[in-house]
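What follows is a single structure, and I will ask about it in a moment.
A, B, C, D and E label the chains in the order they appear, each numbered from 1.
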Amino acid sequence: MGDLATYAFTGIGLVFFAAGSAGLLRFPDVFSRLHALTKADNLGLGFIALGTSFQAGSWRDVALLALIWGLMLLAAATVSQLIARDALRERDGE
Amino acid sequence: MTGPTLYALTGAALVGIGVFGLISARHLLRRVVAFNLIGSGLFVFLGAAGARGGAADPLPQALIITGIVVALSASALAVGLVVAHARASGRPALPEEDEEA
Amino acid sequence: MTLALDATLCGLIVAVALATVLGRGVFRAIVFFIVYGLLLSVAWVRLGAVDVALAEAAIGAGLTGVLFLAAVGKLARTGAEAEPAPGRPHLPAALACAGLTGALAWAWFALPEPERPGSDLAAALPRAGVENPVTAVLLNFRAWDTLLESIVLLAALVGLWLLARDEDWHDRLGLPQHVRPGGVMESFGRLLPPVGVLVGIYLVYIGADRPGGAFQGGTVLAAVGLVAALAGLIRTPRVTGHLWRAAMVVGPLVFLAAGVAGAALGAGFLTLPEPIAGGAIFAIEIALASSIAVTLAFLVIGPPERGHRR
Amino acid sequence: MTAWLSFVAVGVLASLGAALLRVWRGPGRADRMMGAQLAGTSGVAVLMLLAPVEGWAALDVALTLSLFGALAAVGFVKAVSADGGGDPEEDDEGIVEPPPAGGASDG
Amino acid sequence: MSALVAVLVLPLAGALATVALPGRAARIAASTAIAATLAAALALAAWVAARGVPRLEIGGWAPPVGIAVEADGLAAAMIVMTATVMAAAGLSARHMLAPGAAGARAAFGFWPLMLLLWAALNAVFVSRDLFNLYVGIELLSLAAIGLVAIEGKAAALAAAMRYMIFALAGSLLYLAGVVLVYAAHGALDAGLLTDRTPARTDGLALALMTVGLMAKTALFPFHVWLPPAHGGAPAPASAMLSALVPKASFVILLRLWFDVMPDQATEGALALMAALGTAAVIWGGLAALVQERLKLIVAYSTVAQIGYLFLVFPLAGGASAEMPWAAGAWNGAVFLALSHGLAKAAMFLAVGQWMAARGGDRLEDLRGIATAMPMTAFAFALSSITLVGLPPSGGFTAKYLIMTSAFAAGQWGWALVMAGGGLLAAAYLYRPVAVIFARAEVPDSPLPSRGRQVVPLILAGAAVALGIASAAPFDLLSTGRPQAAGEGL
């Protein structure tokens, strides 16, 4: 049962990562790329964390997985905001 | 080809790439980056050597951690020198190698 | 499948290293270098060296990357950021480097099966006072290396401070940082440090038994300070701040004092008698981690610069 | 299970490789930063996938990477600001001069 | 034994104190550390001379688990020479780098860097562990780079940058060799490696380490960084950089080729090293002939003098190792390193005082300075005698030993290099000596006190005394000398 969940969730996570990368490569301009990326890869990471947690031997490891995902979300939210601002400035200023 | 061999060859490649970067770059910051590539390549080689025969040997790991800290110290001083030199001379390259000057 | 994983990882590492060296533009090279450090720390996990992976993630990828990024910012400020014309194509140099790689590769296959000190090390480990063998090597067996290494950090920092201009000497360290009050960067700077401090202390604390230790934990603490400084929440001190200077030397000093105490008590220089070795190592690690945190943060911030009195 | 997790890890590494293509191509510095951001997320994901195989200490590495990823992101933004110490959210009045051409962006 | 710990610990403790304490207290701490380390160095040499080689397994862990340090005669002699030069440089720096004279920045930085440099030198001289040596030479390089950059001008920063590139490249090459050694033998201790079963990779490892250390020693063709770096620093820093820093990597080379891996020494490699030394003697001498600034003349002379040191390799290594002339060549090279260190430091300190009085170091600026400052001029002349190799100086004894052993070995060419290099040295040192002793109108300028003028004279006198009373240093050097250079002629 736990193994099955791991297969399923990590698989879904991989699909999101693949989608994020495809978006990053194929979308035409920086803002749509940013849009695609921040959603896809953090969802992918979430699914992978969820999938891995079914293999964890202790609640400590599960908590750690959650903490890591939370940190990545926080960083991603901040960074995409700042990158977008910078991209705007870069477009206008140069 | 087993795991350690793969990593040892990667380390060897990194050393070569780093030395090439060191020789070909003019921008001093890129040279400092190249030093870091060489050093980490050597560490990967050493780590692969320590991973031969199953269990990882702790001694090379300790040496590598020491090496990483030493490399950061040297990089920090080098980066400071690059910035101070660029501020004093207006260029981020050594005078004898700076063709645009 | 694990071999495919190793092969993909190694291929990516080499490709990223090549991109770092060959791509035009310093900024691009540095972005690639940061990714390189990240991949390398994954590789260390695959090699079974989690202690090294932690050090690489924190120091190799993290702090070194931020150091280079900050340098790009500072070069922009000097007006000297323009890339010099790339050198002539270096065919002989490329061949020489390929030769060097070839020589190392040959050496790998020519290596004899080693008689490792592994058995001696394993025999000594129960008397080391800690369970993590890497910590035992760093803080006990090869403590002299580690003491000198903590001094290397200090030497680099003194040398770095000397690169300040005389007229800037009494200013605060590094570039002045400013952010939009209440903006995203500022709130990020408020959210991250509490988590970071906990993680740093955790890494120092577990170092005795599990991967981690003074260098990794100290680096995380340095990162916390850097985030706070970059987000404009704290102002960097001046070189004349004696409390900070004392914090820089306390780690090496405690280490050195422990060594001399061993010599004075007849046990020998840097000898930690077995019954108290665990406690002594923990004390030294705490002092070292504090000094490492302060010194590393100052190394990345750089020498004092004018502009704080804007 | 080991084979499956390794397979997923290879897949995530492949998507990381694709992100690197974006770092190489640019064109703007924002694109490069995004590529690096995805590379960081992928690296953390690979470490999570390795944890059941290599031991759960790998999560400590992932945790460290996520912290330093955040620091590096702040470093990026600072490095491309006009004076090396700014914030793209600041209004342009007084403090921030237009960013200099060349050097930092080279697409 | 405790003297061995003291020479390692005291400069470190002093450095930490100078970083942590405010201005005046830092200078007092520095002076205390200098005096204490000098005393410890002398005590160590006395201990070694009386009782043999002290060995310390740090932390109580024997290799291969731990790190061992040993103070053989070579280490003890280098430590005493280092202490002498450091004490002299420290005395001179008290005035030249006082906060009023040099600014708060240089006054803060000089003392910790000097003490860290000293600690690194002592650590390198006694270390028996190849990786510990790596950490030691990195500490040495970083401290030295800081001292080169201390002037803060564009030229000094460029010189420091250039030096940094060579020093880091050299360290990494050395590290590459160490990595190969550990991968092959699982050991880093010199003693364990002497008894190893040779591996096929040993030749490559030794070659990598040697090239790296050559770059750090500034042997031709890796010398380009040295003259601007040594010529641009303040005089006390130049004295340390030129007299001491290249010696550390040279001592490691001696240990590698004569102690750790003597089995790898092929005739061709040894001859190549001496040939590079010859090129350094010629190139450094010719370049010194055409310089107009006295500090650069003195710095190029270091390039040439380093060249001599490498003649030891074919005369005492490989097939020569078992021969009776090996000991003479080995002693001669170490003697040359010692007397060059003392004489070179004396020269830089003398020039520093003249620059302070005349405002520059162009030969024109210094015309007739002997009239105003006879003691320092005499020190410069005595040092010149040592560098040229005239009796009764230490330089003469060293060259005599090397030439005798070259004749005995039938390797006449190296003797010729010695003689030719001496003539070149006489030529490039004649110009400054003639200028400073020339009769000229002496401009009225404030002079340093007699107490300060006597410092270079003491160093130069010590270099000459090495030649006059060479018996005691010889006995010291033979303590724990590697088997390869065992018996004398």
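Quick notes
The definition used in the following text is that a contact is a pair of C-beta atoms (placed from the backbone, for glycine too) under 8 Å apart; a residue touches a chain by one contact, two chains touch by 3 or more.
Given the structure is predicted, the values throughout are model-derived calculations rather than measurements.
The minimal number of chain-to-chain contact steps leading from chain C to chain E is 1. Shared contact partners of chain A and chain D comprise C.
When chain centres are defined as mean Cα coordinates, E lies farthest from chain D. Using CA-based centroids throughout, the chain positioned farthest away from chain A is E.
Chain centres here are Cα means. That of chain B falls 21 Å from that of chain D. Taking each chain's centre as the average of its CA atoms, chain A and chain C sit 27 Å apart.
Per-chain CA centroids place chain D at a distance of 47 Å from chain E.
Residue positions 2, 26, 44, 46, 48, 63, 70, 72, 74-75, 79, 81-83, 104, 108, 111, 114, 116-118, 121, 142, 145, 149, 152, 155-156, 159, 163, 165, 184-185, 188, 192, 195 of chain C are each in touch with at least two other chains. Taken residue by residue, chain D touches two or more other chains at 14, 16, 29, 33, 35, 40, 60, 63, 67, 69-70, 76-77, 80-81, 87, 89, 105, whereas all remaining positions touch fewer. Residue positions of chain B with contacts to 2 or more other chains are 15, 45, 49, 63, 66, 70, 73-74, 77, 81-82, 84, 89.
Here the chains touching each other pair up as A-C, A-D, B-C, B-E, C-D, C-E. If you check the complex, the residues on chain D that touch chain A are 1, 4-5, 8, 11-12, 14-16, 18-19, 21-22, 28-31, 33-35, 37-38, 40-42, 44-45, 48-49, 51-52, 56, 59-60, 62-63, 66-67, 69-70, 73, 76-77, 80-81, 87-89, 98-99, 101, 105. Chain D contributes residues 2-3, 6-7, 9-10, 13-14, 16-17, 20, 23-24, 26, 29, 32-33, 35-36, 39-40, 43, 46-47, 50, 53-55, 57-58, 60-61, 63-65, 67-72, 74-87, 89-91, 95, 100, 102-106 to its touches with chain C in the complex. Residues 131, 134-135, 138, 141-142, 145-146, 149, 152-154, 157-158, 160-162, 164-165, 168-169, 171-172, 175-176, 179, 182-183 of chain E are the ones touching chain B in the complex.
By the touch criterion given at the top, residues 2, 5, 8-9, 12-13, 15-16, 19-22, 56-61, 64-67, 69, 103-106, 108-109, 112-113, 116, 119-120, 123, 131-132, 135-136, 138-139, 142-143, 145-146, 149-150, 152, 157, 176, 180, 183-187, 197, 199-201, 204-205 of chain E touch chain C in their complex. Residues 3, 6-7, 10-11, 13-14, 17-18, 20-22, 24-25, 30, 33-34, 37, 41-42, 44-45, 48-49, 52, 55-58, 61, 64-65, 67-68, 71-72, 74-76, 78-91, 93-94 of chain A are the ones that touch chain D when the two sit in their complex.
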